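Next up: some structures, all given as structure tokens.
In what comes next, chain A is part of two complexes: it sits with chain B in the first one and with chain C in the second one.
Then we have the complex of A and B:
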């Protein structure tokens, strides 16, 4: 969507506007980080290593797709429960398939239904009960975490089917594993949904001015519920893929996705206030974050340190975009 | 005792002159009525005196000495208290705290003196206790009060300031008879104490029962000031209308269109802010809604459009019953609605022009896919018909001027034509050129057979464009003006008489 930039009069302005596009910024940063990584630790930017990074980015990117939709819908839309849904889906899928390829299809079905169900509850809470999304989905995260302990009784269980693991890590087409193709497919589907369907137009409309959207006859509440449901489904799909990636599930595997999924969306040019932006930027944002994470690991910064860096990144982004918005206004 | 004189006060907001020459001579021991039509500048004059608006020119004399009132605090120090039309209460605080908010009794420099607070507020509340109604007490928070009770709190707040000069900007709009009577008793007592009071009201009966003097403001200038005993309601209305009445072209009624079959029929519509409203709009007719601001005109239009669900009565569009609970249903039944508050109800801020024009087309054709190239071709016609100025269909709607933004919002109704068009003060805050484009379009839409309802807060606009006018007063239609009756005088007369 090139709706952010006004037609500029001079070529210099046009170039500047181009450089200010979040997607362009993200791509430049990706190249820069790859170079830094290679400099810090030779081999960082090798094809095999980049492929591994892309798989990890795909997992994050799929979660961020749902997050992106919820944030685009505006009214402080945010889904903090994605991490819980990722974990739940990983456990459910592991137990349903339990190492057998025949269980993959039932597992997909179970995961999609469970993800949609939790999304539905989030959506209903936010629209009909008028609970702020932040509070609603944070509460849901708490419920999910409790549920995980109950289901598992503290003991890890369930194994990924070989087919699923192959899909995530083994080359499938043109040397790329299935998950990368899935991610690209999701990217295309998201672009189509947002730019070529009436539903997509509605998402932007309610995100930019909910009251005006209502007065133009749009089903504001149904649309918002659908966004939360989609977020649940995307998180569940990511949970399944994560199981394939790691082979078995462990405690709270999905926890690591809550903050990064939000950062990827904002990095990609969708402001937290919603109503503008798109998924292409978010995809770049996901790659960028995974790169950053990897570099931090390379220089021996542990999980706690990475969390701090991510938190600070989000706050810095808010400052950056908040200021840009104030200048436009 | 204070005597207040305002001379030649002027205030402009950009190109809009809110007050061009405001004069006021307020004497101790009088209730001085200020009257003028919508947007004539009364409130601006009051705000200048209260220090919340800084005048561009003019002088204010207090007891003969020129003073500068550069803020509400300065006004209070000079002994000026004000009742604001837009209620300025702290919703989560109690009645007592709100009453003494401007001058909290303090002990020891920082602590609120609770005993003093209770004693002083008890005295003030006692004066209204028997007319305040259920649930009114010193320790109740303001957000739990009814509209009339909140207005009483606002009055008490002004009274508690014990200022020698008190300004009441429409203090009685929500009050019932008994509450108004009690308020007037208190005003009479204050008058005897020698205090000076400015009183703004749109109810002629109130003005003549409490006022001592009346000053008329028209188009931002003070035009007359006379003792109440020496004037009457007719003369006051004539002064508000001005000399233009006789010669102005604007009030010359347009050729009445032959009203065709009914497009919209409303019977006994009642809801929040209006009751028992009935009317019919014929094919090709422009029906005007007139009267003062907020007398139920907007609420009726929004109810028909399904934007507010709680109402009773029957609505028919083209002979078929249409009880729309949401705008979507109303739109499917062929109703269109354009709000004057386009920032709230109209524009999808930050989105391209294209996306701002398409929603109604999607809805009425039950579309699921959006093809930008097809849509662009589709929206160009309506945008051109409205003479909308823009560079690119993809530019954000908020990069346009106010008038052009409103045109974009209106264009969304022109791809698939509705049978009924509801215009809720559609020209609010837009430039003259855009206004004239708009009314040209409205007239041609009527000629094509649409039934149109036009509410306008600008009387001139209404008189120039409506074939027939319903005058609203306190939520009911008090008069219907047809043909030669459509004059400014008749409009004001119906708007200002007691409902």
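Then we have the complex of A and C:
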């Protein structure tokens, strides 16, 4: 899909072009960071540690899947409400199942419906009323945060069912917990959706040139609404998994996913202008982000220093990815 | 996205809104004032109005800060963390220097410089290094928060009495905050007439065109961030006067409200169209919505929800009205 890859004349150029691919950059950085982590604190790159890291990355990665879709759809697509939906899904799921395995299926149903519903409202606001996505989802975030206060006052916080917790933290198949398999499945599904279906082609077409896509007779509005609904659903699924990970939900657990989900997408090589990129890179971006945070917690510096290093490193990392072109006359 | 709306039906209202983009916001503001008056007549008294302004002056300043980056089509998600950093720095300095009048003034000046420096960092990162504003300023916000936590790890150090008694006090029978508002109004009126404001709007309207007419686009965008940092520092001074203590996380929640205030004020987030006056009104709208939700007797647990819903509706209404008029 990327049109800016110049035809390379020599093998050296080809190699350079390969090394400039966001996914390749992210993978190299991941290996590099793992090595640094292992050097800083032996045992950091042990299989058990990596597995724990992947679980945390999967939670972020699932939220980022929806974020990625909305961003790909263009027209400054962005979803700031994902954090609120994650929190809402976590508390709803906790109440529906309330520690019983029998409640898992109804909880999934409730979460998916609620996520899709808020996504639908976002999508309708953005398409029919033509509210800029940033404004619409920012407003929705405020509504969701208010709703969380109401719910928290009305019902107890609820508990995760043992089955859900096992799904997230216990080995399920080949030593990997269910959530990793779920994430891989989502990765495959996203790749299939974006590269092999009409819907996927529409997303790229709308993201790169909405006017042209509209002229070509594509259902621009329906597609964009669907993207926002998918974003809500992915956030809701992540919220449920987060409940399984932490056992019970607490105030605004989801807030920590709002902006990092966008960062994961950008680090994965999808620019915020849309129409370019894909989910494989985002998955690597999520791992990279979690890895970086994890390294900083193993180093013995205080919270303040950790945040400063994290912020500075993020800026440095972004320098590898899609900087805007210099202005030319 | 290219503006496909035809510019044909220019009614009188349309022309008025193009000239004064904050008009819809002003109408919402008057409406909210009237509603506040209906549900709580005392809320329109001079004393309550002063209270409202002194509580929301910080948000008004931060909305102005955000406006200067939005003008040129950028955004600053670190504005709130700059508020936090300046707040704790000023508190720490005043405590260190003894808390008398001189210490207060010196600390405020240093605070303003810190704000400028943060803005400069943002400008260099976003415009100089050409990174995407949303993610890059989120990264710098983490950095600034880290700095704030270094200065003051936990909330609580009180401001010297001289500081908050001045902020909450009266001079010649007129509350201090009104002097502050007047001073800022004069400052903003001057800035509004400066060529830089027009240049920022030109960059926001069409960066490429602005570049081709010979405008130093990068420098203008960096200046926008520097202004943003300065007004964020002023916001911090206001919040320090209002809360009378230091808190390394005090500004975090304000960032998104500042963006909402800018949009409520009729400025376009895409840049190229807007006014600081609108942003000031937008911040007041948020304050009045919060007050109204309280005055109509909403049960406490529902207040956040109703506030959120009202702000969302106001955002949507503002955008629809101004677009309807501009189309």
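The working rule: the second predicted complex is superposed on the first by the 290 of 329 C-alpha atoms of A that agree within 3 Å, B and C clash if a C-alpha of one lies under 4 Å from a C-alpha of the other, contacts with A are read in each partner's own complex, and residues count from 1 in each chain.
Please note the rule applied: a contact is a pair of C-beta atoms (placed from the backbone, for glycine too) under 8 Å apart; a residue touches a chain by one contact, two chains touch by 3 or more.
Every value quoted in this text rests on a predicted model; they were computed, and no experiment measured them.
A.B. asks: If we overlay the two complexes on their shared chain A, which of chain B and chain C does A:276 touch? Say first, second, both or neither.
C.D. replies: first
A.B. asks: Under the stated touch criterion, which partner chain does A:170 make contact with: chain B (first), chain C (second), both, or neither?
C.D. replies: neither
A.B. asks: I'd like to know which partner A:298 touches here: chain B for first, chain C for second, both or neither.
C.D. replies: neither
A.B. asks: Who does A:222 touch here: chain B (first), chain C (second), both, or neither?
C.D. replies: Touch partners of A:222: none, neither chain B nor chain C.
A.B. asks: With the two complexes superposed on chain A, say which partner A:211 touches: chain B (first), chain C (second), both, or neither.
C.D. replies: Both partners.
A.B. asks: Which partner does A:46 contact after superposing on A: first (chain B), second (chain C), both, neither?
C.D. replies: In the superposed model, A:46 contacts neither chain B nor chain C.
A.B. asks: Specify the partner with more touching residues on chain A, choosing between chain B and chain C.
C.D. replies: Tallying touched residues of chain A, the top partner is C.
A.B. asks: Considering only touches as defined above, state whether A:199 meets chain B (first), chain C (second), both or neither.
C.D. replies: After superposing on A, A:199 lies in contact with chain B but is clear of chain C.
A.B. asks: Could you give the residue numbers on chain A that contact chain B in one complex and chain C in the other?
C.D. replies: Residues 211, which sit in both footprints.
A.B. asks: Give the list of chain A residues in touch with chain B in this complex.
C.D. replies: 2-3, 6-7, 195-202, 204-205, 208-209, 211-219, 275-276
A.B. asks: If you look only at chain C, which of its residues touch chain A in the complex?
C.D. replies: These residues of chain C touch chain A: 1-2, 4, 75, 77, 125, 129-132, 134-136, 138-150, 153, 207-208, 211-212, 217-218, 256, 259-260, 263, 269-270, 301-309, 311-312, 315-316, 319-320, 323.
A.B. asks: For the complex, which residues does chain A have touching chain C?
C.D. replies: Going by the criterion above, the answer is residues 75-76, 78, 80, 125, 129-132, 134-136, 138-147, 149-150, 153-154, 210-211, 259, 262-263, 266, 271-272, 302-312, 314-315, 318-319, 322-329.
A.B. asks: Across the complex, what residues on chain B touch chain A?
C.D. replies: Contact set of chain B toward chain A: 305, 307, 326-328, 330-332, 337, 339, 344-352, 355, 358-360, 362-363, 367-372, 391-392, 394-396, 399, 412.
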